[in-house]
Each structure stands twice: as C-alpha cells, then as structure tokens.
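The chains carry the letters A, B, C and D, assigned in the order they are written, with residues numbered from 1 in each.
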C-alpha cells in the first residue's frame, strides 16, 4: 500500500526568497518524518473572490522559481494550470499539473493536460458528487494518461460553507487512482468575508486526522510562516511551526489503517 | 420597469437548418406575445459530463450560423465563451457573451469579455451564494462595461441535485443589473444519469412561474422540437409546442408583479 | 379548482385581547378580498431555541381564547398539538389540528390526531424530501381520516438556513391533498441569532408570490401589529398593515395559474 | 482524558432471547478490548418511515428485558424515550435516557428527562448546526442535571441523504460534554427506499475511523448477527462478526489522538 504523502506549500508564490525558504523548511520537516513531499505553489490565482486581490508573479516568473525549487532542492513540484496555453510551458517544469476545482469539467483543459504525460491532479468541484469524478478521470485517461490523482476539497453545503464528506475517500479510491485530501481549502468559507473567502484554520487538524483515518493517499495543505500575513488564503493556511506535530499524528494514524 | 424578456434556443447548434428553423419558430411565438427575444445556441459544449458526448459544430461554424440568424431574422444572439481566445471572434457576431456557471469566477475571462463592450451574461455558479455575484459583477464593471446580466441556474443541494432559491432574485436584483432565470438548467440533475446529466422537464413550468412571480427580468429556456431527440440536455429542454401557453402565463404573472 | 385560502394569525397567543383584535383584523382583510381564512395561534411553543423564551398561555387558557375567536367571529381555528394528551382537548375546539414539522414522523401523534376526525395539517419536516410526505399522509389516512393538509416550510440548506424548493408543491399536490406554503417560517434562520432564530421578513413577499405562482392551495403567515414587539418569531412575522396589498397580489397570481 | 467507549446493540428488541444473546456477545467483544460498553436497544420505534413497519415489544416488555440485561450481565443500558409519560418508568431501569434526534428541541421532554437525574444522551437533529446543541444542553442543565451526552448522527444534505461534518466533534466537545458518534444512523439514506430508509453499511467503517481520529468520546453502533434479517435498520446495521476488528482499529486510532 502507498505510504502517506504530503503536498504542501504556500497558496501563492510571494517571492523567490520566501518560496525557497518555505520549500527548504518543508523538506526538512518531511525528511525527519520520512514523508514523501511534493512542493506546491501557485504562480497565478485566476479566480479570486475580488478583482483587487493579489494574484501572484505570473506564469513565466512563477515557473522560473518552481524550476529553481526543483533543481536546487530535488523536490517534485506542483502548480495549477488554468488554460490550454499554460499547459505546455507548465509541463516543462512541473511534475504534477493541477486542475482547479472550478475547471474540473473543462474537457479541453483536461485533455491538453493529459497529453503532456505529466501527473494530473484534479480537484473535485464543490458541485460534484464523488462518483462524478470517474467521468472526469475518464476524460484524462482517454488520452492514454493514467497518471491521475483525485483531490477532495469539500462540497457546497448551503451558502458560504463547505463540508467534507468522508464517504468520498472510499468512493474515489475505488477508481484505483490515488486520492488526496486538501485539508486547507476544505475549511474555506467561500466568499464568507464579503470580498474574500474566510477560513477556519482551527479545523484543519481535525479534518486531516479524520481523512487519514478514513484512508487517503496524501494530504494537501497550504502553509505559511505567518498565515495572518499571507497574501492569499491566510485564514485557512496553517503555520509551518504547527506542521511537524500534525504530520507525526497523521503518519501514526495512517500506520493504523493501512 | 423592464418588461419580461426571453432568452431561448436549442442547447447546442445541431445544424444550420435546424437552428434557422428553431429561431424562426421562436420569433413567431415571441412576436405573437410581444415578448423581446434573444436567440441562444451553443457552438461548443466544453464541459459535458462525459467525453463521448456531442459538443457542437465548433466556434467558427457555429458563429457563422449565429450570424445568419442575426442577419436574416434580425434577432439578437447569445452564446457561451469558454476561453480568452474565443472572446474576440465571438464578440464580432454575438450581442451577448455568456460566461458559463463553472467559469464565473475566472477573472481573466470576465475581463476579456468585458473589454469587448458587449453585454455580458454571467451564470451564477452552482457553488455561489446570490450575494457573491456582486464580486463577479465588479470584476466586469472594473473594465468600464456595465452591460451586465446575472443568471440564476440553481445551487448545489446535496449530490446530483440543484435547488432554486427564490430569494436569489431580489438579492441579485438589488445590484441594479437585470436578472434572468435559467429555467431549464435549473432542473438538471447534474451527473444524475451516471454518464450524463438527468433533467426534470416537468418542473420547468412550475419554477419559471415561481421565478417570474418572485420578480425577474427574463427567462432563459432551452427548447427543441423533440426534446427526447436533442443532442444535448434533452431531459431538461422543453418542447417548442409547449412554449406559447407557458409564455402567455409567464407574461400574465409578470404583469401582476411589475 | 380550490381558490386560494389563508391561514394566519400571531405566532403565539399573547393575550385574549390581542388575539381577538388580530382575528377581527384578519377577518376584515380577508372579507374584503373574498379570501377564506383559518385563524392560527399557538397556545404553547414547545420547541423554542432557548429555554428562557416565552411559550404562551398554556393549553387550557389558549383553547379557551381560540374557542372565543371561533364562536364570536365564526372563524375556523388552527393550532399545534405536541403530544397525544393534547389531542382530545384540542380537537374539541380546533377545526384543524396542526402537527409541527419536528414531530411529523411521530406515528402515535399522527394517529391520535387522525382519530379525532378533524382536519390534520402536517408541516413537512426540514429534514424530509417532498415525496417522503406520502408516507406521513399514509399514517394519517390509515386511520380512515383523509382530511389531510400538507404544509411546506422550507428544507435544511447548510447550517442555520432553509431553502424553499418550489418543486415540492407539484410533488406534494400529486398526492391529491391540499398543499399550503408557510411563508413566514420558511424565512426563518434557525438558531441563527445564537439563542433564538433569526428571520428574513423581507423575503416573505417574494417567496409567497413564487409559491402561489407554482401553485398552492393556501398560504400560511404569522402576522403581528408590530412584529418587532412580538413575543415569538418577530423577525419573520409580517406586519398586519402590509397584508392587504400582499394578499391582493397573491390572489391575482392565483387567478392566472388556476 | 476519557478512553473511547462503545454504545451498541440492536436497533430494536426483537425478542428476549435475541437481546440477551446480543448483549453477551457485545460484552465478550468489549471485554477483550477493555472497551467500556453501554448496551443499547429500543423498545418502540416511534417514528419509522412507514406505518406498517415493526415497532418493537412496547415499553413495559422492553424495559423488562433491558432490566434483565442490566441485572444478569451488569451492563449499563440505554434506550429512547419519546414522551414525558415514558420518562419515569424508563428511568427506573435505564442508566442513560436517549432523546431521539427529531425530538431534540422538545423542551418539556428534555426537562422531564433531566429531572430524573439519569444521564441524558441527546441526538443532534439532522436540521441543527453543531453549535445549536449548546441551547439544547442548556435546557437540560437548567434542571440541575449536567450528566449530558451529545450525539452526532449526520446532518441533512439535500434529499434522502445525510453528511457527517467532522467539524461538529470539536465544536460540540467545546461544550465540555462527552460527544458520541452514531456511526450507523449516520449512513442512513432517510426515506431512500420509498417506504423505508436505506443505508450504506459499507461506509460505517470509514466514518467511524474518521470520527475517532477527529476526536470523540464514544462510538454508537447498531449491530445484528445477520443485518439483512434485522427487523429494523438492517441496511445500516453492521454484523457482530465484523465488530472486533473494527473496534480494535478504532481503539488504536483513539490511542494516537488522545
């Protein structure tokens, strides 16, 4: 059985220096726990709640920084692609192309990403049932690329709230593809602060423990040295300082259930 | 006060002949009722449930047919745009550029569409609260384009089901922008047939009457001569033959509440 | 076809004087519109959010006042029953025994109420689908009492919020029983003010118009001379002064759709 | 910190013989794991979906059997109370009086139960937010009885479906009262089989692991030797044979997180 893996990094690339520092810090933490790490950072937040929000350094500069993370630290790197045009340049650098939840039904984007042969991580739309993801995966697999990861990030539950249905893990894992739990986006309160999304960082620990116990292949978390100063998704990011203890617990739970 | 308008047409362009015939039929029906009509048809269904589903004639051919509808019948025409690249060619033909619900948070697409100066109809994502649409509209208005329409098409309600919250109409109309009710997508059962979305055509009549009574500026409906033979969204499309009686009722309700 | 009827009154009996005054006022309003009226008032609020909240005058005193309304004004009267013991004394006075939403699945209560031969109005639980009400009605009908009314009062939609699914009206009316829309409880925000339920009085008008347009047999509304001073459910009650205009609109919509 | 406890037994008392046999079997299983056990069985299912469904042996006979379980095996026993009249006789036998979810807001029942001084286990209504339970607990505590247990059994999620929000455990535990996860009712599909509730027994294992990892004080499960032959709630009950392995896993997870 697959050991638990971690996908982690800041919500958005804030600077080369900050990104390198976060990547090194995560590497140290994961090495100490023998936990496989994929470094995650976005170069462009294409669908923020408000137009005035920080979006990131852009694709070119962002990919340059992610390449540096990859080459100097030897880490696998993951980032979002939002349009067909981004797929080819992103695939030159990224180990994993991530399809954002809102775009998980965009057939052309899925197929373009699949054609690169890279690993494709698709986030389940907040509007989809877990069993609907088999159709999404089939769109990717139809291009001959079976390197597919499915990520749970919460389902719409009334307005400005998400709920994580733990049944989604066994349902999606029945597909045979690895399934990841995005513990920090799942505690977002979408649009919940009027012009930005709120978040409930205090529940990340409980939900990630629950997900690992239900059985997942990996955990996805957005982290920051000082979440309250993060340029994006601060309210749901967790502090790097809190990560080692949480990961140790998750690893212990994973050992019980696998 | 704005009189009730109709946005209607087939889910997807099936052929030039079929499209022209449907447009003429709709024009005749709406003229008889003095109901403003915007003709709607998609040239590409970019996010169907399954990869094997019919997608349409493609943008170039689809726009050619819509131009013909526009020029020969004098109708305003509306269609979806799915990527920035589609915006410019689409804006040459279309009177209204429609942003699909799944894409309603994609900032770049909204801004590119806004920059054309065309009317922009944004469908509210199934994952959004009605008050979240003010941020979406603000992204468009930030480009100096205030020709904005907001469309309700149901909110996620558990799995494979949508619910229309009639409170969304007064909430969204408080923005000052016209609000349309998409009566046929709102009765979809997303993914509800395994590899395609189901639909509950039998509720279109009740929901559209309710929405007009709550107060809307227009109704959006996908229609077909023989819905059970439609190449897309048949289960929720309504038969052209049933349209005149339904529209007459809607017009009478509209007269009571406006 | 049944003409639209009104079930209305204060949430709770505040005093004999207030109750008589409200009943007379409602009678005058409904007579002017030729609208059948059933007077509604609770003698005991058995399930308020907090223990400190006002509950009413109790069953004995409450039924005495309702009997006075009935005898001196000739109005049909309706009130809740919460336990089997209440059924017999209540049935001596009341024309309609109402089963509260939380209790709509309590078999013994339904059967005891049915056995009185009175009309039974069952509120649909916030946790039920509209088609589940056929089983509830069957429990009543099994006692040989077919005088059944089904009332929609919103379905749970995330936390502390309800949504009215307008599909529920045609679904429940397919049972053949009259269906009523409870326009004021449907805009409650259950528990939404911490120790009491909030309410959105401003949406009563829109939802009741929508429900009548969808097609219902009656509208249920809690009213008060000064809702902000009401001892119960003030935030969702509507002012008696606003009632005539709203009812006139509802009657006009009803005439269009029936 | 409190060690994990188990509340388990058949949905309904099917016979004295079956009940005694199930209680002994559970006792043996729990002793082997040093797991505290409270034996649970209902004497009357007062709110079944359909009127024709089996309800149990009735209160008098049921309490006689539960007393025998208690006296001959030394087990604590728990059962539902549905009305004020049942409270006194039930409290003579039962260690824990359980308030059914649909009745969790019935003030008089809560207070009558509290007055017995017994432990009161209140199931959270499918229509309540976890933070709403503090008002429910306050109704009980107002009678001077602080022996309160709160039980999660799923929240309404669209129609005929429940979802377990793992955030509810830390939210409810913040009250200071022990919190139990009802793993078998949480996988019910209410009304999902037309005239009875369906169930998804296959998810009990995943949800109970998740809940223990999130942090709970106990697990509640309905069990049966042959669930497919159970007279009530068979589709969501789990087989006694499957219990030892599952409990061992839960205990190991509990040890990691406590």
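Definition applied: contacts are C-beta pairs under 8 Å (C-beta built on N, C-alpha and C of every residue); 3 or more make two chains touch, one makes a residue touch a chain.
Because the structure is predicted, anything quoted here is derived from the model rather than measured.
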A-D against A-B, pair bridged by the larger set of C-beta contacts: A-B
Subunit C against subunit A, contact positions shared by both copies (same if over half, else different): same
Centre-to-centre distance between subunit B and subunit A (centres being mean Cα positions), rounded to whole Å: 33
CA centroid of subunit A to CA centroid of subunit C, Å: 48
Whole-Å separation of chain centres (CA-atom averages), subunit A against subunit D: 37
Touching two or more other chains - residue numbers and ranges from subunit B: 155, 157, 159
Of subunit C, residues touching subunit B in the complex: 155, 157, 163-167, 169-170, 200, 202-203, 206-207, 209-215, 249, 252-253, 256-257
Interfacial residue positions of subunit A with respect to subunit B in the complex: 46-51, 55, 82-85, 102-103, 105-108, 111, 125-129, 131-132, 135, 138-139, 142, 155-156, 159-160, 190-191, 195
List of subunit A residues in touch with subunit C within their complex: 157-159, 161
